[in-house]
Amino acid sequence: MILILTPNIEPESHVYQLLTTHLSRLPDIELRIHREQGLEQMLTEIHLIGNTSAIPTEDMKDLPGVERVVRVSEEYRILGRHRDDHRSSHFNYQGLQFGQDTLHIFAGLCAVDTAEYVELMMRALRDNGQVCTRMGAYKPRTSPYSFQGHGKDCLPYVFELAGKYGIKVIAMEVTHESHIDEIHRALRLTGEPTGVMLQIGTRNTQNFELLKFVGRQKDFPVLLKRGFGITLSESLNAAEYLASEGNSKVVFGLRGVKTKLGDPHRNSLDFAHVSVVKRLTRMPVCVDPSHSVGSRSRGPEGILDIMHATAQGGIAGANMVLVDFHPDPNRALVDGPQALLLEELPHFLEDVEIARKAFEKRTAALARYASELQTVAA
Amino acid sequence: MILILTPNIEPESHVYQLLTTHLSRLPDIELRIHREQGLEQMLTEIHLIGNTSAIPTEDMKDLPGVERVVRVSEEYRILGRHRDDHRSSHFNYQGLQFGQDTLHIFAGLCAVDTAEYVELMMRALRDNGQVCTRMGAYKPRTSPYSFQGHGKDCLPYVFELAGKYGIKVIAMEVTHESHIDEIHRALRLTGEPTGVMLQIGTRNTQNFELLKFVGRQKDFPVLLKRGFGITLSESLNAAEYLASEGNSKVVFGLRGVKTKLGDPHRNSLDFAHVSVVKRLTRMPVCVDPSHSVGSRSRGPEGILDIMHATAQGGIAGANMVLVDFHPDPNRALVDGPQALLLEELPHFLEDVEIARKAFEKRTAALARYASELQTVAA
Amino acid sequence: MILILTPNIEPESHVYQLLTTHLSRLPDIELRIHREQGLEQMLTEIHLIGNTSAIPTEDMKDLPGVERVVRVSEEYRILGRHRDDHRSSHFNYQGLQFGQDTLHIFAGLCAVDTAEYVELMMRALRDNGQVCTRMGAYKPRTSPYSFQGHGKDCLPYVFELAGKYGIKVIAMEVTHESHIDEIHRALRLTGEPTGVMLQIGTRNTQNFELLKFVGRQKDFPVLLKRGFGITLSESLNAAEYLASEGNSKVVFGLRGVKTKLGDPHRNSLDFAHVSVVKRLTRMPVCVDPSHSVGSRSRGPEGILDIMHATAQGGIAGANMVLVDFHPDPNRALVDGPQALLLEELPHFLEDVEIARKAFEKRTAALARYASELQTVAA
Amino acid sequence: MILILTPNIEPESHVYQLLTTHLSRLPDIELRIHREQGLEQMLTEIHLIGNTSAIPTEDMKDLPGVERVVRVSEEYRILGRHRDDHRSSHFNYQGLQFGQDTLHIFAGLCAVDTAEYVELMMRALRDNGQVCTRMGAYKPRTSPYSFQGHGKDCLPYVFELAGKYGIKVIAMEVTHESHIDEIHRALRLTGEPTGVMLQIGTRNTQNFELLKFVGRQKDFPVLLKRGFGITLSESLNAAEYLASEGNSKVVFGLRGVKTKLGDPHRNSLDFAHVSVVKRLTRMPVCVDPSHSVGSRSRGPEGILDIMHATAQGGIAGANMVLVDFHPDPNRALVDGPQALLLEELPHFLEDVEIARKAFEKRTAALARYASELQTVAA
């Protein structure tokens, strides 16, 4: 059960003290306080953990300082969308708003290889009005003998170049706790020229210790990728590990699942789950067409499968796109064959825009038909 | 190797006789003649079967009556799209054209239950400008103790009502050779008021004997659904069974695949394969959102997952949509929970239209960018 | 609900007449009579179809001619193993008994290619004391351009050679109704020198029309292979199609399932389901190691993976083994790479024997421990 | 390329100095030294990393101190079994030998709950002659709100009780680097009464940072479980992460894979891969029947599916069995439904013994037939 308090309530205030004192006397119930600074106000939730079935909702609603009460189901306690749960799903980072009704594109390098390529990428992004990117410094690879990314060594120039070209947020995979420190240090060293969205990759979706560590920091939002061999529900539970430790600035990433049935694509696309994740949870949903498709194949009309996949995510309301570009795919150290070219960036962006506009038209059409049906019914 | 002859060449003509006489002398090569009456002309192809690697393409091109030569790869000999293969992929049926650049919607009853419901469905279709539908008479069911469809008994009233409401094509699953006869007979009995597209369902995708039988008739076009537990390539090979027997009026249907990873949807959506099938073969591609999704769940914005899935197919260039409607889903004998309501038909059609328009805009954008890149390159 | 009548009850007898007259008056209940000639007696079951929940078991037990009553669950009505259901699972064919406690080995040719190879195979079997084999005449192949089997043309010499070498039962796949006629005719023509177990392959597991046809004949027992992309429950329901039409001489075949996770084997082995199928149904269970493994790879100790797989089936109580041999695998037209050599037959048979003996020891050990535990409890 | 040196060669010896000086001059080749203290001798391998294709094997064989040269294939460089690679696969720990020809049973608690249950378990093991067990202290759970194990708090009493009852090795999952320190500390604190085999669970199979950390210590051997949604090859590569950091005392664990096709079992059994892992690598192979099957269902003959699965692993040559027992499964905090009872331990052990004996008989039979065939050939 979640008590949503009146906005901007102060922990030192009399009403807050009264409330928490009362709640702490509930037998066998543990309290967890979640405070979230939004753009305009401070939101406070008190989560009652334990068997709350015997506590009447009405009693809780009447307590001082309580604005609303949400009775949560068992699953996805914090990130989930519970019955009659109209809480916002937004969070802000670096002046950008992320939610289930926004769209951000993170085009960039799957793996950082050279400073020159990073700069070419950043410049192309700036020239096309982009303020987000992806840059892989720590690369988990199937074989221990493959290139594992430049790690912390590349961070300073990546961050400086981001600052130079006005990039506000870099999605960057981390595979170990120490990477967060290294990112922090490199950001400080370079004067905080940009921001980072920590990415947890598909191999670590159920690396619960890493999730708990990342969940305990609130500096960086997190992009959690779906585990490629587990059910959607298991991956959503993994997201809840982040939130249960305090960080609910979580974007959920779809990136295809592993089955023989997706061939010739690298993975089976799972973008049909865009609306499912948005229904079950309050997380914004990211799609990763590059790792789902894994090649530069095209339909007979000439459009890349990667762009078809992106459009399929977009028309269903995806909130973020993570996509691989490279100035010279033949020289890319990781996943070159699936990278788009810098000169394809304007086309890609327009293609995404068409799909997004279609989603908006669809939403408007729904509203129109819904009101017609109501008029008929009345 | 395929020799495409000059259009309208007559089998009795001198040039044709010369040509075939010559070809019949090629050692260890078997000839198969495919003649297809198009809207405006009769097209003839001669397929050379056997080891054609030693036959020079140029020599064949120079033969009288030969317009073009396509050297086919091993796979999907007839339906495939081979290198430099710009043959049309269209076929006509009942005055409608089916191809990789058209779009037809087949909304209707998963299973025919009563004449009353059939009429309600047909009327709604007519009122919304539709000329195609789906109507299930023969239903393969997992358990032998479930309702198996009304079979041939319902055909007369289904066809008569189709005629009454201007429906030109009914997609209808067949599971046994005798069903084609039954359909023929019922059509004759009722005065041929409509047409039928024979549907081979996912349980019979590799029922090669049925495919061969259906392939030997040319009266009805065929919608072959993908097998739900086999690779895409295996299903495309199954389509080739139809074509190798003579019927290449084949639409390929995507309907989701079976894995644990699609939950909570009934199947894992495979509409990312729309462009793949169009690239590998010359078949129009159908999507079946109803059997893929299997429920009336909605995204938080209120749009049904079935409509999201349809839009994902549409924006990638799908050529046909097969979708379940029912006047009273609670009383439907098969798959009621996934059926849309008749009053949702206008909304559904507009939603499909938005996705299709988006696909067209994407194709136009591609053309624009492609010509820009060429100008730059020049 | 199933009423098991006293053995050898005659349909013309008074008690039978009384019973069926009474039962036919039960409202909304349909009767289906199953009569099965066993080795020593004629067994009769009356199945009550419809809502039987209101019919007291005791009332039925008291009816004349009724020996036992089994209240069946919804699933696998005829072939299933219901609560307190101790009916036998045996059937006899060609003097051999098939049940959940027997073991038969069907080694032979995946596909018949020449009479010479058939004879070599048959002779090797006879020389090693075998009386069953497999011989593929009708081969369903992924591509229409692959060798499809010699079909009815090879049947006469296959049957004659079987007779010559004392082979009593040949497992033989059929893919079309007409094949059963062809087999009948060839058997008659050659003087019924052997018997046939009709095999339904994995591509036709849910070809319900074929199942119904095969189920309507009682001359031949049937080996139904599991569908390779469907759940076990769906395949068991398919077996029920055979039984519901009258033929319950059904062996259920495990042959691996399709997933990426079985590599480097051709399929994921599913022999863990031996005990599951035996628990859920009364069918004998066959394992097909050749199609599961699909290669002649060996463990480092030198034993073929195919033999390991067979042993894994055997030690869990499998009742039948279907395995590919070939006198000259390099010349085999189908699945040569997975075939064992004739000179490996004695080794293979001894290996199976070791696994079977281990199963028997395990069963004996269980009995010992069970009685000890009871002694302790007493 | 791997140079296997003469046993007991000293790093300070002249011949060793000569050798390494020479090798260090090879252009673009990096050296990695692996030293392994066996029961009787110290083995040294020098791995040449880089493009070794131009280095003649013969030249290397002739170098002083070199006994044998193995040219490794790309995959599984250290743990793999390369052509003509007859290196031993054994390692010793706590006086026990682990290899591809040994068998150890690790029966125990999936999760430690109380000291009382731990003692009951340990005593039963001692009474049945067992010296290994499994004890879960750190439990990764799908939901953050489930019981996560007692962690380090339970270690002291677990280790003390192990010592009291003569248990030499405890398999224990770790999910974070700090757990190894905690285990070290608790062992020291309690006087090193037992040993630990670190277990990496299926959710962390590709948690490469954890693998690298665990690989850098050589105190404890490691049991790496297969990832449940990745290919076998990907999991074997993960094992190579351990070895590439220095620890090649690795046992590979099969525990079922996730697909819809294993139902009603919790996972699809993958024990057909026992011989595959032994062929591709030199690791001993463990089977975990409890997590594969996930229930106490029985075949109709009365044997538990878990015991059938174990026997299937055993008859194919598995080297280790990890199995859940519990004194009172109804009170178990994790996976109670799949636990065997203490009174079933003797039966379980005898069942394993029967399967192992069968494997040995099969190996003996193979040798007999192989020598016969050679005699015939000679």
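Which chain is which? They are A, B, C and D, in the order written, and residues in each are numbered from 1.
Heads up, the rule we're going with is that a residue touches a chain if its C-beta (ideal position, glycine included) is under 8 Å from a C-beta of that chain, and two chains touch if they have at least 3 such contacts.
All values reported here derive from a predicted model rather than from experimental measurement.
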**Complete:** Neighbour overlap between chain C and chain D returns A, B
**Complete:** Greatest Cα-centre separation from chain C belongs to chain A
**Complete:** When centres are defined as mean Cα positions, the distance from chain B to chain C in whole Å is 37
**Message:** Distance between chain A and chain C based on Cα centroids, please, to the nearest Å.
**Reply:** 52
**Item:** chain B: positions in contact with at least two other chains
**Value:** 229-230, 258-260
**Touch list for chain D against partner chain B, complex** = 258-260
**chain C-touching residues of chain D, taken from the complex the two chains share** = 81, 100, 229-233, 257, 259-265, 268-276, 278-279, 292-293, 297-303, 305, 307-309, 311-312, 314-317, 343-344, 346-347, 350-351, 354-355, 357-358, 361-363, 365-366, 369-370, 373
**Asked** For the complex, which residues does chain B have touching chain C?
**Response** 49, 74-75, 77, 140-145, 175-176, 203-204, 206-210, 212, 227-230, 234, 237-238, 240-241, 244-245, 258
